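Shared between the two complexes below is chain A, which pairs with chain B and chain C, respectively.
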Partner chain A sequence: MEPNLTDKDAGTAAARPLLETRLERYGAVGLILALAVGSMLISSYHLSLLTTITIFAFSAMGLNLLSGNAGLISIAHAAFMGLGAFTAAWFAIDLGIPILIAIILAGIVSAGVGLLFGIPSLRLSGLYLILATFAAQIILYWFFEQALWLTKSPDGRFVGIPEVMGFEFGDPWHYYLLVLVFTIAGAVVYLNILRSGLGRSLEVIKERPIVSQMMGVNLQRTKLIAFTIGHFYAGVAGALYGWHLQFVATEAFDLMGSIELLVMIIIGGLGSLAGAVLGATFIVVVPELLDMAGRRLVDDMGLMAPIRMFIYGLLVVIFLIYEPHGLARTWRKLVRYFNKKLFKNKNEH
Partner chain B sequence: MDYFAGLLINGILVGAVYSMVALGFVLIYKASRVLNFAQGELLMIGAYFCLELVVRLEVGILSAFILTLVLMSVMAVLIERLILRKMMNAPVISVVMVTIGLGIMLRSVVLLFWGPITIHFPEFIADVPFDLGFVRVSVIYIYGFLICIAFMVIFGLFFRYTRTGLVMRGAASSQMAARSVGVPLHMVFALAWVVAAIVSAAGGVITGNIAGLTPELSAYGVRVFPAVILGGLDSIVGTTIAGVLIGVMEELGGGYLRDWTGLSGLGPVVPFFVLIIVLWIRPHGLMGTKEIERL
Partner chain C sequence: MNEKKSSAGLKLCISDLSMSFGGVQALEGVSFEVEPGTIHAIIGPNGAGKTTLINCISGQFIPEGTMHFGERELTHVRAHNRIQMGIARTFQHVNVYSELSVLDNIMIGGHHRLKSNWIRQCLYWGPYGCSREEQMLQAEALELLERLEMRHLADSPAGELSYGQQKRLEVGRALLAHPKLLLLDEPMAGMAKQEKKQLSDWILDINREMNITIVMIEHDMTVVQTLSDQVVVLDFGRKIAEGPPQEVVKDKRVRKAYLGED
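For the complex of A and B:
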């Protein structure tokens, strides 16, 4: 059997409270406050990066639930984000539905279509599903280029400044707060799924599909639920991303986009919230750093893109070989190390 | 009628390349249960190697072709030794991602050294149309088709009649059993990669000669997936037939469906609809092993 790469400490095993210790409670509140206030103080460029990271962290949670926890590997997550972005824009602008409802509806559409492509996986092992989702990526991308009633132009459509109940999100900071609220809600749902029966069902259908049925876990149903939730996250994230850039660019949802999302959860860590967040941060920040370094070191900017691409590919390969558990595990090791140092006789677990 | 025949013949000729590249894909899958997402990149880099030998080093086309195959074999062994051997017991998602990462690296190398432009091979054969009686075909297509057939026959005979071929078939049918009778699995995996690299490079040189070289050639690796699923993920014969079928579908889809539906760019997408439908109703494909578990 394949070894399990999901972080066992991530909280799926025991149904403990979301925020158990005082440190965790204060930490969570502090982090949220720091993000909300700190985002007001940074430059608009960094705020834009932060918003992107937050949206991708949200999307990566969905993919992590699907691929990291349930083991259903999807290589079409970006396409489903695109589907969400375009349908949300269509609902909100063409049909005049309020934006918040449009975002939720986009998630539902995404989930429905995701379900359709997930049907083969009900009877098949994972390898076939990868190819099925691959086909979904190709077909959806082609659909974006063709369905002009939805996408307005093959390159994408402008969506303008979002407006919720008369309030215009003209200030990027306000929009960031909206994204943050969505992402925190998504994170709470994700964590609660992991520590509920459903989370354990997902884990067991990945690890031991036959055992799962013996134990009374309905395999087909659990897979369908995973598909629905995972693609719902993708659709909502896509909608948020569209209004973040105020332009839904078809290009952003190509195969490379889907690969990047997979890279996020692998580098971050499969099957945990920390994995999704750290992975999204890593994948957004590292290219920026490389660009910054590149501007100093490489004169010919034409060479920069391929060099960046090479480093990116190399990082993926190196991570998979040497740190297959991702950054989340590295992080947890660090925390545990300092815990031991600081609180020698307390908190023994 | 001529329109139809033209599309059909074109489809068969293009499909032959798919069949050959798919052979490499299926071989790696059979030997080591790895889905090689870098297959298209192997094809691309092989074509660029050959171009470099011909243009920069002024080697004759035939020796350049053979040298390319040798170079690609060395590279395949390195890939297997340095990357995939370390992933032997890793879960599916990691192995798939490692081949994707490898593909990204190969593509970036091509972009770095050759750029995103289309480069054409110097013309080796005068591009005269060849008259098949009812339709005229470019003579390069015919040569390409014959080379594909030759390669597939050679590898068919290799698997059928040589000892090494037998060992590889054995390892594909049961790794456990093969290992217990002393088959060096690493060698088998490496050899599978070598064969895959060789057929891909050959496919790359052929398509490169027809349409010119761009990093876009790597898309061939993707186009092979429908053929692989339609033929059956682990059936070499099935995949060979399906490769041609997919080629024909692409051409006919691009040609007729555009007129009927008014949708453009349908050609390359049609096979993926087929892929989904095949997975819905007959996931083991035309000739694959029916290993469907009720999972």
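For the complex of A and C:
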């Protein structure tokens, strides 16, 4: 036994790859290319949906880190997205800070506030923690309605067309590419976290907090890091969402929004990147399909909203019972199956 | 059994340790010392306070009294820092992380030796990343798994292992922490005779070759007599006897309390 980690040991084990299987690696590159090119070809309505999915996938990564990996269930994620959206608008429009920097700053503000709300939550877990995050949701929402210096009106504020270094994102496709770049970066960081010591400590404090402490994991610190990173994602996603709609609507960041995000990662799959992406896709696409079906079946569109909620609820229950690991688990099985078939002899993993 | 090399290592001094939960006095004025390089067994009937004692040493509970490890006073060192001082443990009820892979489970043991902060872990690659450190820890973990004859299980979820394998994994996890003092809470409980023999040999190896001091709770008196240098007997939270195993089993009070004789 060496007393310390020495260079001598290195090389006998390969570093963990970002994505486990070759199929996933090729698939990820293919998906990115398909999205970048395909987004140019689809109608503006579908592009708008795709942008929404991508932004929510980004946001869901943060929530998945917090709730899926670290087990700190939050129903305030949408409020932190709102905080990001409003602060980014404030930085960029009121203070004249360049948009890219404003987006990052919005993430940092959201992370900081998330950290602050995290501190009193340190001693809580389970149901009590959910109640604490519920309080955060209510407080932040109330703040949006009151702090008119930030939000301009209780309903929200217009943010106009984003502009980066003289380049106007008037074309939604260009804006989509920007969102895509952010989301890819977010995904890479998320995967890095999962394969490093940080990812391990998040997982272990979820399953056995007391044992983990005795194994040398600083429980409080790890929780606070989860709060910080998770809400950084929320803030950046919120900022991107604001410029996507060109209007930051307070309403979009209410409790329902937070619950939808939680539903996303439950249906998508807790604790994985695929879970965040699949969940976001699911939650945007399914209502669209329901609306399409609804238009044929129901004359009164007002009925659709409660029906949609009912179906969400039903799906969550069904997933919790039959596939508690979400779509991502199903996805993994498919990937493993096809990876074996396709790369039978050449694959090292 | 007595020619121990006690070169390195720190001495553990427990003095006047008391701990109560509500009205229950789990430990009452317990004192003993563990010389570096030895194997110390703690025995006693159920509810005697053995696990509570281990929990106090590893930091789950904060007792009254003092505990010194080497020069340092332990009582107020937070649990996650004790492993850095060289105190690692296993648990009475298997406590592996069932959803994580065997490799990840064992790597948690070396967690406190990782130096990268969380931002570097987010970046992972490059001179500012943590990949090198991760790789080295992983290599060491794989080597240890090899020695535990569990290398082929590295990628399986730990929850799928057999009971005995999980127990072994726990010892491995503690070893990857590079401890000076290893606390084993009933390492042999529920094992078959052959497994016990194997684990006993292995505990001796850990003690002699790696020069790790061991404090273990054990019920099997044969194991206690073959392995341990010193035995502490607890009953109702008090220490009723201490000494080499051969002497302790002759003690009247011990026979009465533990071996059920009048």
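Everything below uses one rule, namely that the second predicted complex is superposed on the first by the 314 of 349 C-alpha atoms of A that agree within 3 Å, B and C clash if a C-alpha of one lies under 4 Å from a C-alpha of the other, contacts with A are read in each partner's own complex, and residues count from 1 in each chain.
Methods note: a residue touches a chain if its C-beta (ideal position, glycine included) is under 8 Å from a C-beta of that chain, and two chains touch if they have at least 3 such contacts.
These numbers were taken from a predicted model, which means no experiment stands behind them.
Of the two partner chains, chain C is the only one that A:192 touches; chain B does not reach it.
In the superposition on chain A, A:96 makes contact with neither chain B nor chain C. Once the two complexes are laid over each other on the shared chain, residue contacts for A:262 go to chain B alone; chain C is not touched.
Put chain B and chain C next to each other and count what each touches on chain A; the higher total goes to B. Shared-chain residue A:17: touches no atom of chain B or chain C. In the superposition on chain A, A:166 makes contact with neither chain B nor chain C. After overlaying the two complexes on the shared chain, residue contacts for A:120 are found with chain B alone; chain C is out of touch. Looking at the shared chain after the overlay, A:218 reaches chain C, while chain B stays out of its contact range. Residues common to the contacts of chain A with chain B and with chain C across the two structures: 2-5, 210, 219. Those residues of chain C whose C-beta lies close enough to touch chain A in the complex are 58-60, 78-84, 88-89, 91, 95, 97-100, 104, 107-114, 116, 118, 121-125, 129-140, 142-143, 173, 175, 177-178, 210.
Here chain A touches chain B in the complex through residues 2-5, 67, 71, 73, 75, 117, 119-120, 122-128, 130-132, 134-136, 138-139, 142, 145-146, 209-210, 219, 255, 259, 262-263, 266, 270, 302-303, 305-310, 312-317, 320-321, 324, going by the rule given at the top.
Per the touch definition, chain B reaches chain A in the complex via residues 33, 35, 83, 86-87, 89-94, 96-98, 100-105, 107-109, 111-112, 115, 222, 225-226, 228-229, 233, 263-266, 268-269, 272-273, 275-276, 279-280, 283, 292-295. Of all the residues in chain A, the ones that touch chain C in their complex are 1-7, 9-16, 189, 192-193, 195-201, 203-204, 207-208, 210-219, 225, 229.
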